[in-house]
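To keep things simple, chains are lettered A, B, C and D as they appear, and every chain counts its residues starting from 1.
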Amino acid sequence: MTSVVATNQTILVVGGGIAGMTAALEAAETGKQVVLVEKNPYLGGRTVQLYRYFPKMCHPSCGLEINLRRLKANPRIQVLTLAEVTGISGDKGNYSVTVKLAPRFVNENCTACGECNKAATTEIPDEFNYRLGKVKAAYLPSDMAYPQRYVIDPSVVASAEGQAIKAACKYGAVDLDMKEEVVTLNAGAIVWATGWQPYAAEKITPYRYGEFKNVITNVEFERLADPHGPTGGKILRPSDGKEAKNVAFIQCAGSRDENHLRHCSRFCCMASLKQTRYVQEAFGDAGKSTIYYIDIRAIDRFEDFYQEVKANPNVSFVRSKVARISEDKNGDPRLWGVNTEGYIRYANPHDLVVLAVGMEPSVKNVAIPAEVMGDSSGFVMADPANAGIFGAGCATNALDVNRAVQSATAAALRAVQVVNQVARAEA
Amino acid sequence: MAEMKTAAYICKGCELGVRLDAAALVKVATKDGKMNLVREHDFLCSADGVAMIRNDIDNEAVNHVAICACSRRAKTEAFNFPTVAISRGNLREGVIWIRPDTDEARETTQEMAEDYVRMACAEVKAMKVPEGNPNTGTSKTLLVVGGGMSGMTAALESAKAGYKVVLIEKTGALGGMAAKLWRRIPNREPFKAPMDNGVADLVAQIDADANIKVYLNAVIAKTAGAPGRFKVDVAVESGPTVTEDIGAIIQATGFTPYDMAKLPNLGAGQANVVDQLGLESLARAANGGPIKRADGKEVKSVVFVQCAGQRDATKEHLEYCSGHCCATSVKQAMYFKDANPDVDTVVLYTDLRMPGNNEDFYRAAQNKGVIFSKGAVANVSASGNGCTVKFKDLILNEETSTDADLVVLATGMVPTTGPDLDQLNETNRLAEGGDATAKEQVVQMMSKSVLNLDYRQGPDVPQFKHGFNDSHFICFPYETRRTAIYAAGPVRRPMDIAQAQEDATGAAMKAIQAMENAGLGRAAHPRSGDLSFPTARLEGCTQCKRCTVECPFGAIDEDEKRFPLFNESRCRRCGTCMGACPVRVISFENYSVNTVGAQIKAVDIPDEFSEKPRVLILACENDAYPALDMAGMNRNAYDPFVRVIPVRCLGSVNTIWITDALNSGYDGVMLMGCKHGEQYQCHFVKGSELGRYRMSKIYDTLKGMNLEEDRLMDLEVAITDIETLPKKINDYAARIVEMGMSPFKGL
Amino acid sequence: MSDMNQQMTTRYKNNFLKEIEQQAEMGDWVKMCMQCGVCSGSCPTNFHPGWAHPPQEIFMMIRAGKRDEVLDSQSMWMCTSCYNCYVRCPRKLPITHIMHGIAEYAYRLGRAPKGQPTLHLSKTFWNNCTKSGRTNEVQLTQTLYFKDGIVSGIKKALVMQDVAIGLVKAGRLNIMEALGGGHKCKGAKGIHAMLAKARELENQRKGRAA
Amino acid sequence: MAKKEYAFYPGCSSQKGASASNYLVSVESMCKTLDIKMTEIPDWNCCAASISYAEAGNLPRHVLNARNFALAADNLPGQDIVATCAACWLGARESKERLEHSSVLLEDTNTALKEAGLNIKVIPEIKHMVEVLIEDLGYSELASHVKKPLAGMKIAGYVGCQTNRPFGIHGESFENPMYLDKLIETVGAEPTPYDQKVTCCGGALAFSEPEKAQAQIKDIIESAYDSGADMVVTPCPLCQANVEVYQGQINKRYGTKFNIPVLYYSQLMVVAYGGSAKDAGLNGQVIRARKLEDLAGK
C-alpha cells in the first residue's frame, strides 16, 4: 500500500508539469508539507516534451534538472505518479481527497539498469513522442524521467512476456501483481495545475490532419526537432522521410475560432517563430519557413525575437488564415488562401505543414467542488471568495512557460495563506 | 568536532560487478583511498545495502562516506544521509555505460573505475558537513516599494499569509497608475465591458490591515544589510527618517508612459492628441457621460494609434511591445461607445494583441461598433477643429486618411528601475579617475536610485533588457541578481493590471520564502536549501577585490580594512568568488579548492610511454554533467582517458586546478559550461561568463609552461548534447594524441 | 430609395457600416469580421478568374466607408452559394447570406452593375418560379438566353444546343413547358397575395418606400 | 403499413419531365424496395433556391417555404418533410431555422401566409432523402436489400455543396464527408479517393457565369478521372446536371475528352436492388451509364 503522510496543513498540488512542480517547490521551500500528484509516470508535463524554449532557445530539460534537484533535496514533498485525483470533499483548511494510483508494475527497487527493456518484445506507441514512434512495453519514458524508474505497460503484464520481464530484473523491482489503489489524504489547500491539451487538430477539418501525413502539429514538430525524438532531431516528413526544407506554419489552428477555441492561446505565435529557427538550424539557407498568421502576438519583449525572425530572409510571413489544404501527388501539402494584405491569392505547396494548435484546458473527469470555478472555456477562474482551491498555470489561462511559472508561484502563496491560517488557528 | 571516520562502498549491481573487478576497487579504496572502512555490496541501493551504510553511520561512527556506484543524480532517495559528508564515485553512468563491453576495453574501463574510486575517496576526505550560515537574520517583515496595484497586492497577499509589511509610496496616496484609470480591462468572464479599477477596494483593505504599515510621501534613503536583516532607512517628506528592520524586499515601482513629446510625427504637442493616460483623465472627467476634449468640445470621432513609439525597429523609440495597449485601446474605445454609440471609434493597428480571453473583449468591442483597421500610421496632423491621421490601410492596400476630433496614442511603458548598474559603475570609474562631468553624472544617476542599496556593486537591482528588472529565466522568472529582492509588476516586464497582480502575488511568495530561508541560514534558488556558505581565510587575502567585483549577486562588500565582507544570506553558493580568488583563500565546507584539487591529484597518471593520456573534464553540474550522464544512459561511448569532475558553475573554477593538472602530467583539460552572453543559460547568470573570461587569461600561463593552447579546451555545453558531447570528447582525445603526451608527466 | 443614394459617407466613419447593418440582410455581422481572410481563400470562384473584392475585403471596404466602390461592385454577384466561407469563418459570420444581402441592397438602390448576369438570373428565376408557384425550366432557360436580344439569344441557344438536345433525348426537358404547359400550383393566386404581403412587410421593417 | 412515412417534397427539378425526372423515377423505385411511403405535399411550391436572393429579398423567400411547411403540417400531420433536391432541402431548412429563431420573422411570415389562407404553428422536421437512408434506416438495412452488387465499379462520390454546407449530414465533416463513399460501398462498388469531392459545381452561376462555373466543373471531372472512377454519383440535381451536361462544352473549351456518366445515389441503389434500367431512370442519362445498364439488364 502506498502511504501518504498528510494533514490539514498539507498542500496538495494536482499536476506535476512545470506549474505544479513550481507550486510544490515554492511552497515546500517555504517550509510547507506538499503532496504532488501527477497522472503520468514522470514529472515535467508538456514542457519536457519541448525541444527548446522561446525566446532564449534554451532547453526545458535544463530547468527541469534544477527543479528535480530542488525536489530531490527537499524532504517536504511527496510525489505520487500515475495518480489522479478522483474526488474532493470538505472545506478550505480541511479537505479530504481521494487519489487513484495506477500500477507501474515496477517498485522502488528499480535501478533503471534497463534489463527489463531488453527482455520486452512488444512495442507500444511512444506517448512521450506524441505517438510518432514506438517504445518497448518496459520503458523509461525519457532520459530525464523522474522518478527514474521503468514502467511496464499493462498490456504485457499478464503475458509470458511479462514473466520474462520480471525474470530479467535482478533486483525484484518488477511486481506484476501491483494493483490499482485508491488512497485518501488530508489537505488544507489544493493547487489545481492540470495544464492543457493541444487542441485536437483533426477537428479542424479543412487542414486534413490525420488524413494527410505531412500535416502535423506544433507539439509534434518539437519532437521531430529534438535529437532525442523519433527522427533523432532530423526534420523529416512523415509520409516519405524526405527532409522537410520548406515548412509552412499555420497560426490560430483552432484558436481564435468560434468553431473551436474562442480564446487566443498566446504561446503559438512565439512557438512558430521559434520553430522557424529549427528549420534554419537544420538546413541553413536551404530551409525555408512561411508563417501564415492573422496577428503576430509577440507580446512584450518577445517582440525582439519576432523582429529577429522577421529579418531572416528565409522566413516569410503571409497575413492569412489558410482556407484549406490539399495534397499533391508527391505528398506535398498545398495551402490555399488569400494574403489579405493586398488580396493576393496563393496555392502554395510545402514539404511539411505545422499546425500551430492552441491550448485547451485539460479535461477534468473529476467532481471537483463548486469552489473551483471554470469559465466557459474550461479554464479555472480566480475565486473571489478565496476558498482553499486555486488554479495554477495553463489550467487557469492560455500561458507561456514563464507566465505559467509566475501563476504557479502566486498559487503557492494562496495555498500557503490557507495552511498558515490553519496553523494559526491550531496554535 | 567528531574525528573523521571514512568509509567507501563499492556497488556490484547493475553489471558493475560483472564489468569491473570489484575486489580491485576495494583494494584501491583501501590502499590509495586510505578509507577506514571499505565494503562491497551486490545491490547497494537496496534496503539491505542502505541499512548497511546506515548501520556504519549509526554504530561505527562513520561520518565521511564515498559511495562508488551510480551517478550522484541517481538513487538520491536511497543514498540520503544528511548528517554525513558524501561523495559519489560514478562507476555506472560515468564508466561502464560509456564503455563498450569488450575484452580490449576491459583494462581501460577498470582503470577509469579505479580512478573514480580514488577521486571519491579523496573528495570526501576534503569535505565537511555544512552546518549552515550562523549569520542569519530574524526579520520577517516584508518591504514593498511602490503603492500601485502591484505593490498593494504584494502587501495584502503577504499580510494574508501572516507576515508584517512595510509599504512605502513616493506620492501622497496609494493607487499608482491604476488610480488614474477610469476603468480597467476586465479580468474575468464575460470579458465584455471595462470594469472598476479596483483601487478603492485595495486601499480600504490595506487601511484595515494591522499587519501593513504604510509610509506615504516616502522614499528609501538607504538599504543596508542582507536578507533577513536589512536595515532600511525610510525618508518621509517633512518628517524624520525611520529605520525599519526588513527581511525581504519587493520592488513594485511601476512605470511611466513613454514620453509622447518624442513623437512629433504622431502629433505630439497638438491640443487634440493625447496618450492613453491623457484619455483616462478625460474619461474620469466625463464620469460616464460623453467624453469631452480639453477645449470642452464633445468628442464625436476618435482614432487610436497603436504601437505609438513602440515596436520600433529603428531603435529610436521603444523596441518592445507593452502588451496591454491593444486591450487598453479596446477598453477606451468602449468608453466612447458606451456613452454614445454614435461616436466613431477607429483603432489602427498592425498586429492586434489580445491574448487569452481578451479575444472576447476584442469581439465585444467590435460588437459595439468599434472599427478595427490594420493600418500603418504615417502621421497625425492638426486639421480644422481636430486631426487628420494619414495611414496605409494594409488590407485595402492604399494610402488613406481619416479625420477625428481626438487622437489617442498608445505609447507604452517605461520601467522605473533606477540607474543601470553597468553604466553607473563605468561612470563611477571615470569619476574616481577625476572626470568632473562623470562626477556630476554619478550624482544625477544616483538621484534616480530606488533602493539605495548599500552594496559594493551598486544601489539597485541589475537590469536585463530595455531597462526592466526581468530575470531572463523562463523557468524561474523571479530570480533577480540580488537575493531576497524581487521585482513585481511593470517594473519587471511590461504587463497589464491582471498580470501585475498575479505577478505581485508570486513575488510575495518568493520574498516570504527568502525571509524564511535567510532565517534558517539556507541558500535561495537555485541551490535552495544548501547549508554551505563561503568563508575566507583573511590572513591570506591580498585585497585584490576580485571576489567583490565578480560576485554575480552582490553578496560581498568590503570592510573598513578593505577585506572582503561576506553577506552569507545574499550569497547563492555558486562559488564564483572561490574561482576568482588568486590566492585561494575562499572555500565552502563541502566544495573548495581542495575538494576538487584532491580529486585531480588522486587520478593515477600513467607515464608518457603508456599511450594512455589523461584528460581532466570540469563539467558544470547543472547542464554538462547531466548531459554526460544521459550519454551514459544511452550508451553513447566516449574516450576512456577522461576523468570528469562536476563543478557548481564554471564561475567556480579556479585556475589553479588547471595549472596543477597540467603540471602533474594531465595531457589536456576540458571545461564544460553553459551558454553565456545575452541569451545566457547559466543559472548563476554571470558565472559561466566570468569563468570563461578567467580562463581566457590562462593561455599566457600555458605559453609560459611551453604547452600548446589546445591543452585547454573550453566547450559550451547544453543539457541536450547527449549525442554530440561524446563526439566532442573523442575529437578532443584525438587532438591530444595528435599533439602528443604532456612533457610534464612524471616530473 | 432615391434619398438613400444621396447619402454621403466619410472614410472610416460608421455611417456606411450602419446603413449596411440596417438595410442589408445579415449586415449587422459585417463589424464582427477580424480580417483573417479565410472566406476569401475559401471562395471557389476566387481561383478561377477571381473577383475584384473577396468577402473580407468587402467588409473592410464597408468599414472604411467606400460606399460607391461596394455598391457598384460586381463582386457580391459572384457568389455561388457554396457556403464554404460560411462554415469556415472563425467568427461564425453567415458570409454567404451577408454577400447576398449586400447584393440585394445594391440592387434595391439601383446600384447593381448594368446587365449583371447573376442579378438577371435571380430576377428571372424568382419571377419564373413565383408565377405559377413552380419553376418552368424551359421558359427560364429561354428567358435567360434572350435577355440580350434575339440575335444574341439565338447564338447562345446554338451554343447550348447540344446540351438541350441531350436533355430532350433523355426526357429531361419538357417541350410542353415552352408553350406554357407543365407544372403549376393550384394556389398560385394565394401565393401571389402572400408574397405581395411579404414584400410590403419587409419594406416596412427596413424603412423603405414600397 | 409502410415501415416509414414521409411528406415528400420533390421540388421543381424532380417533377415528371423536368431536368431531374430520372432522380424521381429512381427514388420512387428505391422507396418501394425499402418500404418507404412518400406522400407528396399537396400543391407544394418552389423553394426559391439560393439564387432568388436578389429579386426576392428575405421575407418572401421564407414565406414561400413556410407555405410548404403549413401544407405539410395541415395535410400530413406528424410526418417529416423529405426533400430529394439539395437546394430544396437547404432552402427549407434555412427557413425553418430562421423562423424558429426569430419571433418577428415568424410573425411577419404568418401575416403573409394569412393571405393564402394558411398559418404555421409547428414546423415539421426537414430531411434530405440521404438522411432518411442513413439515419432512419441505416447502412446495414440498405445493404440487406442488395441483390446485384455493383462489383468492380469504381465510383467517385461527388458530394458538392448544399447537402454538405452549412448544415451537412450529421457526423460528417464539411471537408471530407464520407456518406456517399459509404453508400457506394453499401451497393458493392468501390469509392475512389477523390479530392474535389466538395468543390462547388458553380451552382446557378452555370447560367450566369458559365466560364467560371465550367472551370470548376472541369476540375471536378478531371479529379474523378484521376481517381480512376467509371462514374460520378451525387445527391443533388443541380450538381448532377452541371457536371453531366456541360462535358461537351468543356471538351470544346479545354480540349478535354470528358465523357463520364453522372448518376444519383438512388440510381445505383435501384440497380443493386435488382431494378431494371428503366426503374433506375438510366434512360434519363445524357451520358449513358453503360456499365450500370449492363448490370441492370442481366
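In the analysis below, contacts are C-beta pairs under 8 Å (C-beta built on N, C-alpha and C of every residue); 3 or more make two chains touch, one makes a residue touch a chain.
Quick caveat: nothing in here was measured; it's all calculated off a predicted structure.
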item: Shared interface partners, meaning chains that touch chain A and chain B; value: C
item: Pair of chains joined by more contacts [C-beta pairs], A-C or A-D; value: A-C
item: Centre-most chain, if every chain is reduced to its averaged C-alpha atoms; value: A
item: Rounded Å distance between chain B and chain D, as computed from the means of their C-alpha atoms; value: 67
item: Distance between chain centroids, defined by C-alpha means - chain A, chain C (Å); value: 50
item: For chain B paired with chain C, centre-to-centre distance based on mean C-alpha positions, whole Å; value: 64
item: Interface hub residues of chain B, defined as touching at least two other chains; value: 374, 395
item: Residues of chain A touching at least two other chains; value: 206, 256, 319, 324, 340, 343
item: Shared-contact residues (touching 2 or more other chains) in chain D; value: 174
item: All pairs of touching chains, each written as two labels joined by a dash; value: A-B, A-C, A-D, B-C, C-D
item: Sites on chain C touched by chain B in the complex; value: 10-14, 17, 31-32, 34-35, 56-57, 60-61, 63-64, 66, 91
item: Chain A-touching residues of chain B, taken from the complex the two chains share; value: 13-15, 43, 45-46, 70, 74-77, 157-158, 160-162, 187-189, 311, 313, 319-323, 349, 351-360, 374, 394-395, 397, 465-466, 468, 470, 472-478, 493-495, 499, 502-503, 505-510, 512-513, 516-517, 525-526, 528-529, 622-623, 626, 630, 633-634, 674-675, 679, 681, 683, 718-720, 722-724
item: Chain A contact footprint on chain C (complex, rising order); value: 34-42, 46-47, 50, 53-54, 56-57, 84, 88, 90-92
item: Touch list for chain D against partner chain C, complex; value: 12-13, 15-22, 43-46, 48-60, 62-64, 67, 104, 108-109, 111-118, 161-162, 164-166, 168, 174, 199-200, 202-205, 207-209, 211-213, 215-216, 245-246, 248-249, 283-286
item: Interfacial residue positions of chain A with respect to chain D in the complex; value: 205-206, 208, 211, 324, 326-327
